[in-house]
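First chain written, first letter: the chains are A, B, C, D, E and F, and each begins at residue 1.
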């Protein structure tokens, strides 16, 4: 059930059955010569659709721009400053809390979001801990889950891509978006011509200039030529199954 | 051309032909018993697709949650505080400006956004006017255009719905989203049973409690039972034509 | 009744008769070669005096610096960033709400304020809608009224100045301030020698540099040589009458 | 020369002779049963007029609402939070600095402003010290001067009022505003009937509730029945003389 | 070399040999019935002393209050909101960057800081990535290292405490502070009488109320009765050795 | 009793006897060629230890970085922007208020903090005055006391150093830190060779560049060659006695 395609009486009815909501959160940033700029937002959005089918979860709109300052050296990348992202998540959560939602499951597609989203949860909890939350409001509970976290997904990725899945513009995530958008994939994968070496370098980084110097085509540790619609389909099936179980456990307060 | 489905080298290529970008901006809020909560985000998103087809415009991800504090009395509605929305738009614009974008066309689907988005433009311009913008950056130019602004669209709406289009949960916007999501429409329009009177009341409002008291089912001045996929198709064709012309004029610096 | 010239027991007495307050809000910015830098603050301040005489309205001090980033290319212009102006209006309103004021009528003299003031109202309402307002506080109601809004005023301006009233440094507003400050007017109108063409160009603008390039002497679309004390007197009489009616209607909760 | 009554070419001309500006800053807060709510804003405004006559100083609009949280227990009192006032002063100073002003003389009428205004100066200086000021901007210099600071003024106050001048709603400041607004004074001084004891208590305070409990009619240590137009005239003459000398010294960079 | 005990010429001399600085960061929060409230600040402070002896590192003052909203249910616990902590770290880093420091090594003692400190690093990097850093400033590089990260330290802890080291109020950290403050330890360890069960429960938590309900005496998964000065000494020696190597590697730009 | 070396049950026990807490607050900034960068933080920290011994006061961790933008021209100096320091003090106070603390005694070592700390108190009080404090919380009371305020301390300083104590890097404060850290003192006092003239110049200043130009070695008006461990001991004894009395009076609500 997608919030954007529901009416308010339908949301009200949902609230009688569950006070949990699933919020896909991603990023808009370069994903190498063959990956979509929207990869990190599309992955959780695609998977959320599967989880909703399996479990009836209510899916909020996607937080499509996240914390990606280090990718700003590549055209099309966008970022929120961490302080802005914290304010955004506070407002989303505080809005939904007014209706009675009290369990917020963020399905994340971008490693760069993890720290700031966790900080945002603490900012929300701190409102309550410091006595500044609306006085009659129930306690809130937030979870951040990366779509690739489940052991089954990790195992499958290793099986499909060996050591060449990588850290950014991974074969996994690009497969998943190719599965979701096969037409666009045909166009994008032509970018492979520009890729060299086949497996990108790895390592740490600081700001956008530093990142681009170290990872000239944007990839980190990955060989996205291994990405395919079929691999994406397998990842989709596996991840949806694992995430559905995790969602149900969270939504049921465990 | 959708930013989310493009690779960074494709965006870089686009920037050689144009430094303008189209950003759909909407809201996530109740739209009466038969309208989608995402109506205001879906409308500009749907139309942006049409404009892109006609003109080759680059389409950013949608700002899906806007300023909708007055709708918080209805389940599923979400808001950013104006100060948060200003910070978000600053970050989006400043991110894209780093790549050379200097013309930002916000295609808006929500009347409640207009004031805050305009304020956000001023906040961005003020950075330059106060000498605080990055020193080597070209001047930026922003436009807010509501999808229903064009005279042709207004005429068509009047023709289709007479005086019952309304101000919120309008027959126009609901038709447009029904056209975009016909399956979901079949489900949503069942909510019409709850609607009474046929044309909702009109008037001013302040906060969410006040709004709900005055507009108990969420609609303002509208009769959304007049909405239909076919009406949506006509609105789509007319609006895409008008917006494409407006976009081209803006993108070409006029 | 001016707040600044009242004692607190007098304000307490006023509150027994009305919980509405009138707040003039303007700007400090260039108004062409013959207009006062304070034009936009002085106009609502002058008119507020007339409204107070007619209706007994309580007049707050004037918000004299508004959102005028686009005028910073001309000496003496000042601006608040929109985010600052929002914080200021929150504090003014929250202060007065503590005493029991719940109806805030902003009499505005500057087009550039409209968006940000509306956003500020939403920020204030959002406090209540998100459950963050002081718990025992009554609902607040805010109105923004431009002094030139009333049809009678528009008609009179057209009659006095034809098509040469303009958009900035208008013959109307300069007349009104000349009527209020006839001595200063004698000095200021000598600046007319520098004006050319007689009617200034019109059009859009972005930041301060862009504005100055397009409107080299600061005027937009106006011929302020048509301004006079006598014209100001007529505008004053007409506007005070219209605004008094509007104020009474607002103050009485309609 | 009042900024509000000058044209921008006149300000430009002034800047060729001086880059200093005088900014009256006060507060809008209770001043006991016989003092104007605007006392602290009116005093520096009145005196600034005198300094301008003597020295040709350019006078900015008055910051009429300052930091007065402790007075919010009395009707009509208004405050900016310190963090808001800091943002406001930054914007005022940064606006004027764009035109070449680099010496900012704040003529203060309210003890409660001193700490926050000093903090605001540090916030402005810190921009430069941290390398965040506009790169081509000259160093800025700010001074806060209370109108009652000069030894001659202190001596005169002692002579006029002995030990009953007090700390808040002082006989001095009320005299000065009575001198400036003799008609309003006639009305306000009727409030004296409510005053008891004749000299108000003194001491420390924290928030608004605490202040009202300790100082039930708003006065601190003062007997404002000693205030008169004639005393105000003497204070005016003495203070204008002292402040003019101080302004000239500051404006000339000493 | 402690910054607090150095003169500025000594710091200037240090900068000729290294542009790296070590900043202990901890928290002020309950650590169970026998642990110091300052445990998380004291641990990195104590270890920093050892690293400085071994390597000549310059040690900044300790960030003693971190992000600990979840501990506010226990007397003496303090927190910064994440947004505040981000502002603090920006200011510390921007201050030191003015002197030429460009490598910032945060030696952390508190798991609850990790997300927010990482977000703060991104906020600092984003300044550069968005073109808002001082224009002539070199790129900055930040590292967060938890004092317990090194494999040797983990091995030793396991050897000393088996599975009863725990997650909060761990036997390790309490040993380390007992080693640093043996007198205070004698007093504190009397609190063991109140501890039951011997090994505290584990699990997740949200806000302060939730934490206290789940962990009634404040400990998580630990048996701090195993803590001792002697165990602390061993941990100190091992951790100092590992951290010294890590510091040198970072300070030398690797 | 140091908070950092106490357990939470001990703090809980303290709260049954007193709801007051002493918070040393200083700065990290140059103190001339022979003074420690941490002088202003170390002084109140050292003295707080003495006050705690005499009175049993609970001592919070030290706010070690304050408002010192003007010292940033000298290596090692650090500052918080005033707006950041205000946020920090709000969080510290709001955290402790949750446990029942309602009297906050800031023992200050840095003149540059006074304005901002006072503004922070007002920000905290304003929360209550504007109705935004947690609803069930008792009124809070804050005091700022400079360690050198007491007449006995001033007298002793004059006796020890005559007119050469100065305003910054004073002989008094350097003596006090030498007394606290005699080993470090031996190293630091070698910097005296660089000092000339013997007594530093005095006067006003604005930003860091201005300060360094006027006070090239960092001192203001002082001759720190007069500093000694023995002088520090006398100052310590005198100040601890005076501060203990002041603390007791504050803690007991007078």
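Here is the rule we use: a residue touches a chain if its C-beta (ideal position, glycine included) is under 8 Å from a C-beta of that chain, and two chains touch if they have at least 3 such contacts.
A quick note: this is a predicted structure, and the numbers were derived from the prediction, not measured.
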Steps needed, at minimum, to go from chain A to chain E via contacts: 1
Set of chains whose contacts include both chain C and chain B: A, D
Chain connectivity with chain E absent, coordinates unchanged: one piece
Angle (degrees, nearest 5) of the CA superposition of chain C onto chain E: 180
Numbering shared by both copies at the chain C-chain A contact, with half separating same from different: different
Chain pair, E-F or D-E, that carries the greater number of C-beta contacts: E-F
Distance from chain F to chain D - Cα centre to Cα centre, in angstrom: 30
Interchain centroid distance [CA atoms averaged], chain C/chain F, Å: 47
Multi-chain contact residues (two or more partners), chain E: 72, 79, 81, 83, 87, 91, 95, 98, 129-130, 135, 208
Touch relationships between chains, expressed as pairs: A-B, A-C, A-E, A-F, B-C, B-D, B-E, C-D, C-F, D-E, D-F, E-F
In the complex, chain A residues that touch chain C: 91, 94-95, 98, 134-137
Touch list for chain A against partner chain F, complex: 129-132, 135
Interface residues, chain A side, partner chain B - complex: 2-12, 15, 28, 30-38, 41-42, 60-62, 64-65, 72, 74-81, 83-84, 87-88, 90-92, 95-96, 98-100, 181, 184, 188, 191, 194, 208, 218
In the complex, chain B residues that touch chain C: 67, 69-70, 72-73, 79, 81-83, 86-87, 112, 114-116, 118-120, 122-123, 125-126, 128-130, 139-142, 206-210
